[in-house]
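Structures for review follow.
The following pair of complexes shares a single chain, subunit A, combined with subunit B in the former and subunit C in the latter.
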Partner chain A sequence: MTGIELRGVEKAYGKNPPVIENLDLQIEEGSFTILLGPSGCGKSTILRMIAGLERETAGHIFINGEDMRDVSPGGRGIAMVFQNYALYPTMTVKENIEFGLKNIKTPKQEREARVTEVVKMVGLTNYVNRKPQHLSGGQRQRVALARAIVKKPKVFLMDEPLSNLDAKLRAQIRTDLIELHRNLGATFVYVTHDQVEAMSMGTDIVLLDNGRIRQQGSPGSIYSAPRNLFTAQFIGSPPMNVVKAEDMEYRVDHAPHGTVSLGFRPENAVIVSERNPSERGRALFRGELAAREILGDHAIYKFKTACGSIRAKIMSGSTVEYGEWFVGVDRKYLYYFDEKGDAII
Partner chain B sequence: MRDIEKVIDEYITLAIPMPRMAAAEKFLRGTARAATPYIMVAPAILTLCVFVVYPIMYMIWLSAFRWDMIGPKIYVGLGNFIELFSNPDFYLVIGNTFKFMSLSVSISIILALFLAVYLKANTRVNALLQSFIFTPYITSMVSVAFIWAWLMNSEYGLLNFMLGKAGVGGVRWLEDAGAAMYSMILVAVWKGLGYNVIILISAMRAIPRQLYEAAVLDNTKPFRTFFRITLPMISPTLFFLTLMNIIAAFKVFDQIALMTGGGPINATNTLVFDIYQFGFKFYQLGYASAQGVVLMALIAVCTAAYFGALSKRVHYGGEA
Partner chain C sequence: MRARAVIFRAAFGRACRAAVNLLIFAVFFIPFYWMFLTAIKSLGQTLRTPPVFWVSAAHWENFRKVFDAIPFFSMLKNNVVMTLGIMICQFFTVIPAAYAFARFKFAGGGFLFGLTLATMMIPAQLVFLPLFLMFSRMGLINSYASLILPWATSPFAIFMLRQTFKQVPRELIEAAKLDSASEWKIIFKLMLPIARPTIVTLGLVTFILNWNDYFWPFVLTTNNAVRTLPVGITSLNTVDGGVRYHVLMAGNLLLVAPVLAVFFFARKQIIKAFTYMGGK
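Then we have the complex of A and B:
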């Protein structure tokens, strides 16, 4: 049984052309699924349709096998964490958290117990009587989480919940969310455009572009086996280098038939000072070092070559000086793409 | 703030030559710096003094005299106030004023809240309805009074004509001492409602949509959503709007003067209209001034009481 299933879902806002067409998506029960994609690709729209805040114009959404078409947002067994938290400004932390429970007439004793437990879980015990405006961004974030957790939903929906936080806090809450997911065993659907968040937290990544799924799979498979150029260039930091085969100064003779472009990850590139003609099975590029970023444990070098700019990510060693260099990639690290941008296996 | 101070400081430094800062210069510079803000607000303060503070002072002063505008002013001390408070008509007038104020404001605000909830959605029909409802507010009181006086005419008015058609007996809207005040309240509500609705709608539209989405996800019933989210979120606007309504209702004049002239038998006579009558019809300016002082005190006391009772329950501060 799948946790959430979208079948042939279409969404159009007003009279505009649909932003999502004929979307089929399966979200496994208990997974930490990330909806990842560039801005405007429809991630929030999908999430909001699952929540019932936006009505699909066609198709069906199932949660635990049940058609959600006529189920109100409150009746779907879900909880949502908004990007700007959407806390009730006029209520205290405690009132915010228990509001949903009060609405469904949870007995006072149980309510108190659940609120106390959740507040402790997110570390806000000393702040229960404060109004949200007197909390820091991270604390508000925790209130928003607590408000979701207290409902004991089967599904958590989160729309970029970390984007208003600074980098350090983000990293910390990322680990907190992973723990939370493991402890609760609920299904998490998490929207982000940040691939670091996606890779670090997700058990399953759905990569979207223009309302379509470009690839779905585990972070490992999405990273190591991109099925198309879009995936290849979206995942990884810096993204995969892609060059046109015909522009290459030194042809790769072992490329499969139909190859139009080649890709390789910056972390698989090596920088050498001269060309070794005897070395076979290696793609080679001659280029001028244009920029270098030294980032402590690693450095990123950007070269200008005959087939555009190429980045190399070198883990350690001495700093490469500005000048002309060769960038080499072992053939086992090469990806081949056809004219449609699909990977050739 | 600090930036402005810095700019002022620089400006003063430039204006006053300072090759060697003698003590006197230093003093001048300090004084100029301290005086700058006062100099800047001086024009506004001056205008306020001439057009607000002076008339009020003059009114208070005048309330201690008997004066018919032509003859000499005769000092009577608290005589006007004693006369005022021993006049039963005065209590009737005060009662009328409070009745008018409390009923017209509460009806108007509650009605406006209802209408705002239904009209806040941004549709074309709503835009049209909003402009309909706003029209009376921008219509001159003279026209409004004229139209309503005709509508409410007991013999050939439209209201009684329709009541007659419906098989109900007519009402003597403006001639019946029991009904006239309610007719005044009806007209006042009708005229002021649009303004209240528009202000409340704009306050409601400023509430972030996510709050309502969160409420829906929290299984909140519409009624509860209104009382727990909408109302607290617009409380600053509502608070201020009600206060403005109260003060305006205390000062009602033109409507009374145009429609009933305070009658029948003082049934619609309110404080400001009474002041006008004593001052400019009976030429008892001292007595009228004493009434003015009482009006001012009433408004001040009511405002203070209103603040004391409600300001703690107003939610100030941004969204979170």
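Then we have the complex of A and C:
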């Protein structure tokens, strides 16, 4: 078993009830795995346990098949990038990067060569003698990355490393990280609560809620085949529309047995001006257009209907005027959920 | 009209600021000037009313009188030994204590820290007698040990330094651990450099307080062999009966000169230390 494996892991802080209980998780070697979930669901806790900064109260963590229980953070073959970068403030960029190598007594010559290479890779060659407080946010971020890369770890752990950057820089570093992952071939474990980051970078997404895994899979499968309401409503922007079947004005007659709620993605909705009774394969909602966001290449419309508000995301075309409309969804785009919120397939 | 009013107000503001600056400067400068002036006056000039603010001929012999009246250089040496001794002792007691209180959870840690702070509230006058008796039983009166040991640590410094250590973000230490740094590396390469401004400031405060300290060296010594400068200078007061302000001030000038020199050379460091501590 290569990669990272968590087996029956539990974590409780002090005497508080555990925030993570009996967690089984496999992270494949070489994957770009995203731990995704709402704030407080335990993403950082899991990452910190893998790093050895937090001790699991039960269960085992394996890295490349080796039990990490008694292995110190420095001995786990990992590197971590923190949200606030955690650069050593009294050291220069170069000293920051080579600190880890010095501590494991890497010969000076090799050290210099590796630092030079990494500094070039992240484009900081002209800043090696600066202190972190004299760098911009993006530059600090790159120092933090360089500090991780230089150790040539098998595993990179990143805890929301982009959240302190502005949108443009974030998009740029996102691409850089994808490239970096491809070039290094190392395992990346990346924590975020931003689904756009997760979908765009990850090869594997682990969706967490309250310390439990709600779904794990490729971005494509998480998007197109959500296994429960939580996943369905967490992924996608705007999130999936979910309505109670019994509230619907026009019943969907082909819903499978046990259906309590129906879901469909805003991007699969169409807006029509009148009800066409011949269209049998469609779920239909009558609603009043309540709000309209025109966003360039697409527009988002919010309708008030008998079963709550519904959003439709329409790729550019003529603007829909305020008034009464029908929202239709092809049956192939409908998702059905039972009373426990699990998808019926 | 409006424009003129604005200009006038700006000028008025500048003038006010200048006046305030001048006032502050005067408050700090005049005592020093007066000390220096008195030190080069003759006895007659010091006693004149109204006081004279300028003398045409300096009486430098006042300084010679200081050297004649007290064993100045031996006292200076005592002062240096005592102050340096205290600073070195505090370096080795304060830093480990502050570090332990800041970073480690151990049984009784909170209680011990409370106890440390509580010692700050005990006035010196309350403990000097027991302390004197203790030292005399140990045969330490009139030794450097009696001058240094009472100040070998400082609860205030422990408190300040602990705060500084505590303010270091947890992630920084975690990053160092992930960089395979041992606890010693974390202390010497990370924590102490970060705490350097605080340590320098505390060192300066310790230096000034102990350099000028009068009470303890006075009560814990009985002869001039180990007495320090502040004690010696004060004794100038009473030589030959009458009060000789000019000699006293000459002695004082010699006493504070090193402090002023330190301030002058460490000015940048001091300002940095205080702004760093305030800005955090």
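As a convention for this text, the second predicted complex is superposed on the first by the 344 of 345 C-alpha atoms of A that agree within 3 Å, B and C clash if a C-alpha of one lies under 4 Å from a C-alpha of the other, contacts with A are read in each partner's own complex, and residues count from 1 in each chain.
Rule of thumb we're sticking to: a contact is a pair of C-beta atoms (placed from the backbone, for glycine too) under 8 Å apart; a residue touches a chain by one contact, two chains touch by 3 or more.
Being a predicted model, the structure only gives us computed values, none of them experimental.
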**Request:** State whether subunit B and subunit C clash or fit side by side on subunit A once the two structures are superposed.
**Result:** clash
**Prompt:** Between subunit B (first) and subunit C (second), which, if any, makes contact with A:Ala312: first, second, both or neither?
**Reply:** neither
**Request:** Have a look at where A:Tyr88 lands relative to subunit B and subunit C in the superposition and call it first, second, both or neither.
**Result:** both
**Asked** Now for A:Asn103: first (subunit B), second (subunit C), both, or neither, which partner does it touch?
**Response** both
**Message:** Looking at A:Leu135, would you say it contacts subunit B, subunit C, both, or neither? Reply first, second, both or neither.
**Reply:** first
**Item:** subunit A positions touched by subunit B in one structure and by subunit C in the second
**Value:** 51, 53, 72-75, 78-80, 82, 84, 86-91, 99-100, 103-104, 147
**Prompt:** Given the complex with subunit A, which residues does subunit C contribute to the contact?
**Reply:** 169, 171-172, 174-182, 185, 189-190, 193-194, 196
**Asked** What part of subunit A is in contact with subunit B in the complex they form?
**Response** 51, 53, 72-75, 78-80, 82, 84-91, 99-100, 103-104, 131-133, 135, 140, 147
**Of subunit A, residues touching subunit C in the complex** = 51, 53, 72-75, 78-80, 82, 84, 86-91, 99-100, 103-104, 147, 151
**Asked** Tell me, which parts of subunit B touch subunit A in their complex?
**Response** 208, 210-211, 213-221, 224, 228-229, 232-233, 235, 315, 317-320
